[in-house]
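Here the chain labels run A, B, C and D in written order, and each chain numbers its own residues starting at 1.
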Amino acid sequence: MHFASDNAGPVPAQVIEALSRANTGHVPSYGADAVTQGVADRLRDLFEAPDAAVYLVPTGTAANVLSLACLCPPWATVFCAPVAHIHEDECNAPEFYTGGAKLTLVGDDDRMTPETLRTAIRGEGTRGVHGPARGPVSITQLTERGNVYSLDELRALTAVAHEFGLPVHLDGARFSNACVKLGATPAEMSWKAGVDVCVFGGTKNGLMGVEAVLVFDPDKARDFEHRRKRGAHLFSKHRYLAAQMEAYLEGDLWRDLATRANSRCDQLVQGLKGAGVELVNDTWANIAFFRAPLAAHKALQAQGAVYALWGGTEGLADTDMVTGRLVCDWSLAPEDVSAFLEALRGAL
Amino acid sequence: MHFASDNAGPVPAQVIEALSRANTGHVPSYGADAVTQGVADRLRDLFEAPDAAVYLVPTGTAANVLSLACLCPPWATVFCAPVAHIHEDECNAPEFYTGGAKLTLVGDDDRMTPETLRTAIRGEGTRGVHGPARGPVSITQLTERGNVYSLDELRALTAVAHEFGLPVHLDGARFSNACVKLGATPAEMSWKAGVDVCVFGGTKNGLMGVEAVLVFDPDKARDFEHRRKRGAHLFSKHRYLAAQMEAYLEGDLWRDLATRANSRCDQLVQGLKGAGVELVNDTWANIAFFRAPLAAHKALQAQGAVYALWGGTEGLADTDMVTGRLVCDWSLAPEDVSAFLEALRGAL
Amino acid sequence: MHFASDNAGPVPAQVIEALSRANTGHVPSYGADAVTQGVADRLRDLFEAPDAAVYLVPTGTAANVLSLACLCPPWATVFCAPVAHIHEDECNAPEFYTGGAKLTLVGDDDRMTPETLRTAIRGEGTRGVHGPARGPVSITQLTERGNVYSLDELRALTAVAHEFGLPVHLDGARFSNACVKLGATPAEMSWKAGVDVCVFGGTKNGLMGVEAVLVFDPDKARDFEHRRKRGAHLFSKHRYLAAQMEAYLEGDLWRDLATRANSRCDQLVQGLKGAGVELVNDTWANIAFFRAPLAAHKALQAQGAVYALWGGTEGLADTDMVTGRLVCDWSLAPEDVSAFLEALRGAL
Amino acid sequence: MHFASDNAGPVPAQVIEALSRANTGHVPSYGADAVTQGVADRLRDLFEAPDAAVYLVPTGTAANVLSLACLCPPWATVFCAPVAHIHEDECNAPEFYTGGAKLTLVGDDDRMTPETLRTAIRGEGTRGVHGPARGPVSITQLTERGNVYSLDELRALTAVAHEFGLPVHLDGARFSNACVKLGATPAEMSWKAGVDVCVFGGTKNGLMGVEAVLVFDPDKARDFEHRRKRGAHLFSKHRYLAAQMEAYLEGDLWRDLATRANSRCDQLVQGLKGAGVELVNDTWANIAFFRAPLAAHKALQAQGAVYALWGGTEGLADTDMVTGRLVCDWSLAPEDVSAFLEALRGAL
């Protein structure tokens, strides 16, 4: 009953196999090997973007901040949701990699709307050289609260960005889960929806630690390689990053893994709803936030359910309602979810 | 006949096996897992340093620059050899991570001496707030030109640093090769020799991409974790870094791998000397630089020998002497070396 | 009728005279001259802070960001009001000088309250190495909206900061105006109220370009001099900064100038109130924000009144209410204000 | 007998007068005032560069590092002499403002030659993404050792830079002294000689603290204003920077002041030579380095001569030869020099 995070589970056997397969003989280092080149081509195919610049990096934060640094001068500001990972969970890495840019928080929720985004953009860049200039818009899909933007919603947001001439970054740490949920193609959820630089996450969906960055207009990627190297993120034995991604792409494993995780979450959500429990996020892919009395959470955790409580519980009574976050990774079995739901029913 | 680099070969089977072994069930992320904790303890044992702070990062550059950033304020300068990796091969990552510190080049060779180091240190820090302040001394062992400092030489250098109150960083990307060459213990080649922060490299000696950083006085490591996270180097699925290191430590695999690489290099050096070829580095572990006419290099490479020529060949005649760099990794067989030496004899 | 800013008017004759007086002979550079040393002593006297470290810099932004950089590591966040100068008007200079720290916006107004501040502090620093650490609290007195914190209010804010162990920076670009308004001593409005690092502004109150920074615990100032130099703010001919400050301190000129500016603003406010015009800020020193129909603003500006309209007027009708900002500098005469008020009465 | 620096003397009366003249009424801030606009036009005229972007900043370091930051990405390196002010005397400000670029030291002297420059440039930028990229060439005229490049020498250096497509920055803290010495026009010593960005220094030649930066191709200046503001160098009361520069340009005061300083230095040099004293720099404008026994220096300083000894005197005997640096500023009288020379003759 482990729902703490999608970075806590194992990787599928195919990943280990791909590492083994790549592990023969001497090959050029720093990404000049055949596995890396092949993976880049396959990513371009998958995204229907033959001209895209493609890079692999080991962490989601690296993928985000190297992308943003290419799009945002030090005197500008990035527009993002207040709960964006780049704001809350990257220890000022975006500020570090951009050389001191700001983040402007849009709305008060995990989902930006065209209105809140337009208001935020209008509020910046009006003070000439005194205030920050307007920089890129960063969208998280799926969001940190588990919600999924529809393709229409995505397009509406990128349209606002482009209206002001601003580029769009997509934090796709959970790209696959959102893509599967929407039944969209990667192209539809990225450049066809107006995304300029897309992070195609692997780590949260079954890889050991690999994210791909796709820069659809390669002119915007000019500095990426220098930034990656000076950020100390250029792997010398690059084939071991690439091999993981190769496994991920082979037979659309990325889609299978996300489908599994999403299915477990659907099962969870149906169970929660059936038990009359309030769900906080109105859409979901592989994350559900639910509200229950503190006592119920305690009972669940006493029975071995592992997941995070949101917002702290200091000073709360057992009857106070607390939000729990349940994250499903690809490796959970239906029985894990059933066991949780049964425990939940007992706890309520 | 692949002698281009020790980052071009495969990893030993034990590494893949350790990854498989670690690949079960859900575990805490970001280094709170048991594999990581166990590896940290084993590293403290190996280095006889029960209080050391221990961190794992995926690249040698990350290990170096995070270490230096902890030791060097932005307005200071790092003392290092002019061919140091941190100066020539890290694309200004040390400057980036320190927030703009300088590197002061010591001597004109790959090996600093107490005299050149003392002269360099005396030359800085004399201008009050105008010039850079004196920062850490960074020693590369083995050096980028393949030479090995003896323990006496190391101690003499760190004594100069400490005379001025400066901390010492050891770039140990090839720590194992040097340690084996010297017949020293890791403790003897690090803190017992006056090293304050030691990089214990794994990537060049058979891992996919893992380096350990040992900070012997944990007070000096206070900011390491913040710096690692904001540098985007904190792996969420940390067990996969740790598992590689676990394999490396198990049964002293690190020592076996380095012994193999060094033996191949010994074989090479004996062969070169036997053939009357000039060796550039007067000591060696797993790297040999040799001089031969350009024509001989061409003949070797035509027969499939892969290695780097130093300093460019533009405009040179076939009879001009050119330096070649031969790097042995653990995976080379004695036959690879024999084949190279035979080809060499033919080429001369 | 020039109310656009307190950086638009001339400097009093005493400043020019002090520059002339200092302009004789050769003196040591970089602040080792007698004028600078004397001024530092006088500032320590004025603030009743015999141990304070005292620095002069040419701009208010430099004073703020050098102070904050001493108090805030790159992975932390500064707590400030959303309209703080450091957030809106310094082009990411705080982010630049701190090496990439964040600013966390407190409340939705120009004045923080103990409640909004406590909430903001509690919201940060809870994510360990993932989120930003808690950094200094920055208070602007008087605020960018013209309001003055009472001494009680100041003390309540700094008490919250200290409760969490956080240092307090005071952006005192208009320190003198606030101090005069409160009838407080500089000590009462700074360290006695819990301020750790205080900017004592000169530029907006009659100097050409000089701000003093007082660091009451000199241990917190250790790095200030290196940061000032590497920020390119250390004047070689330092006596010309110091001479201005000397004039400012002589006979409490700073107080006289602020008294004049505040009196003009009082006159303005009485006139506005008498005319039934709504004042936006409920307290004031030398700045008043007032609301009037766009048509009235147009009429005033047509008659030569110079001041800023807040928030843009695009698409507004003549009857729409718009906020105007009136800033009084020391050089305005009572007649300037009378003329404005007369024009206002005509315009309404 | 004050020869310590050209930042130790007073400013000419015209500067104070210009400040007084500019000190009337309310004017727009941040450089939108008429004095600033007029000064920019006059600088464009003086440099025969009608399209140049022109900026004023208060310190020479600010002028240098803002210029370099516009020309040099964080992953590149600046080519300069080992004694360049940007290397030795700016406390890593170039590294700070460029975001972590390096400085590559050219030759071992204060003057670069086409050969040493070409060698240095060829030595960098050969390692692809691993090493630093090639950045701008920075020339100091006159040099930190008092030498003056001829126009031919300047043109030969910039030709090498442009051969590699690299822009040229001129650190002209003593531009006027060199220009007068060469009998050149400002245009001849800047863009006509291949300089792309020129610092026209005022502070060392009689101003309180103002330097002009001329960017001859305004496209290269795009980011200057953002960088200046975020560096905290944009003066709000900009007229007081501009007024100083106005005085400097009026009637070619800059040329008169430099002529005076140079004449004093000529007088010094003739006297030194007449006394059989060895001069270190073979050309000069307003700086002379001379060698004399330590005892002679002691005697001179005992008689009130103020100047710097180069290289430290610790452990030296009275008979050891030591280099003294004599800097003449505009305010020295012929009698000051005569007195020094007389004291020197006594001391020898």
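Throughout what follows, a residue touches a chain if its C-beta (ideal position, glycine included) is under 8 Å from a C-beta of that chain, and two chains touch if they have at least 3 such contacts.
According to UniProt, the chain labels map to these proteins: A, B, C, D = Low-specificity L-threonine aldolase.
In this text, all values refer to a predicted model and were calculated from it rather than measured experimentally.
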item	value
Chain whose average C-alpha position is farthest from chain B's own	C
Of C-D and B-C, pair with higher C-beta contact tally	C-D
Chain centre separation (chain C, chain D; CA means) in Å	34
Gap in Å, rounded to a whole number, between the CA centres of chain C and chain B	51
Two or more partner chains touched - positions in chain D	74-75, 90-92, 96, 99-100, 129-130, 226, 229-230, 234
Of all residues in chain B, those that touch chain A in their complex	2, 4-5, 7-11, 16, 19-20, 23-29, 58-62, 65, 90-93, 96-97, 203-204, 208-209, 226, 229-237, 240, 306, 329, 331
Complex contact set, residues of chain D against chain A	30, 73-75, 99-100, 129-130, 133, 223, 225-230, 234
Residue ranges of chain C touching chain A (in the complex, touch as defined)	74-77, 88-92, 95-96, 99-103, 126-127, 129-132, 312
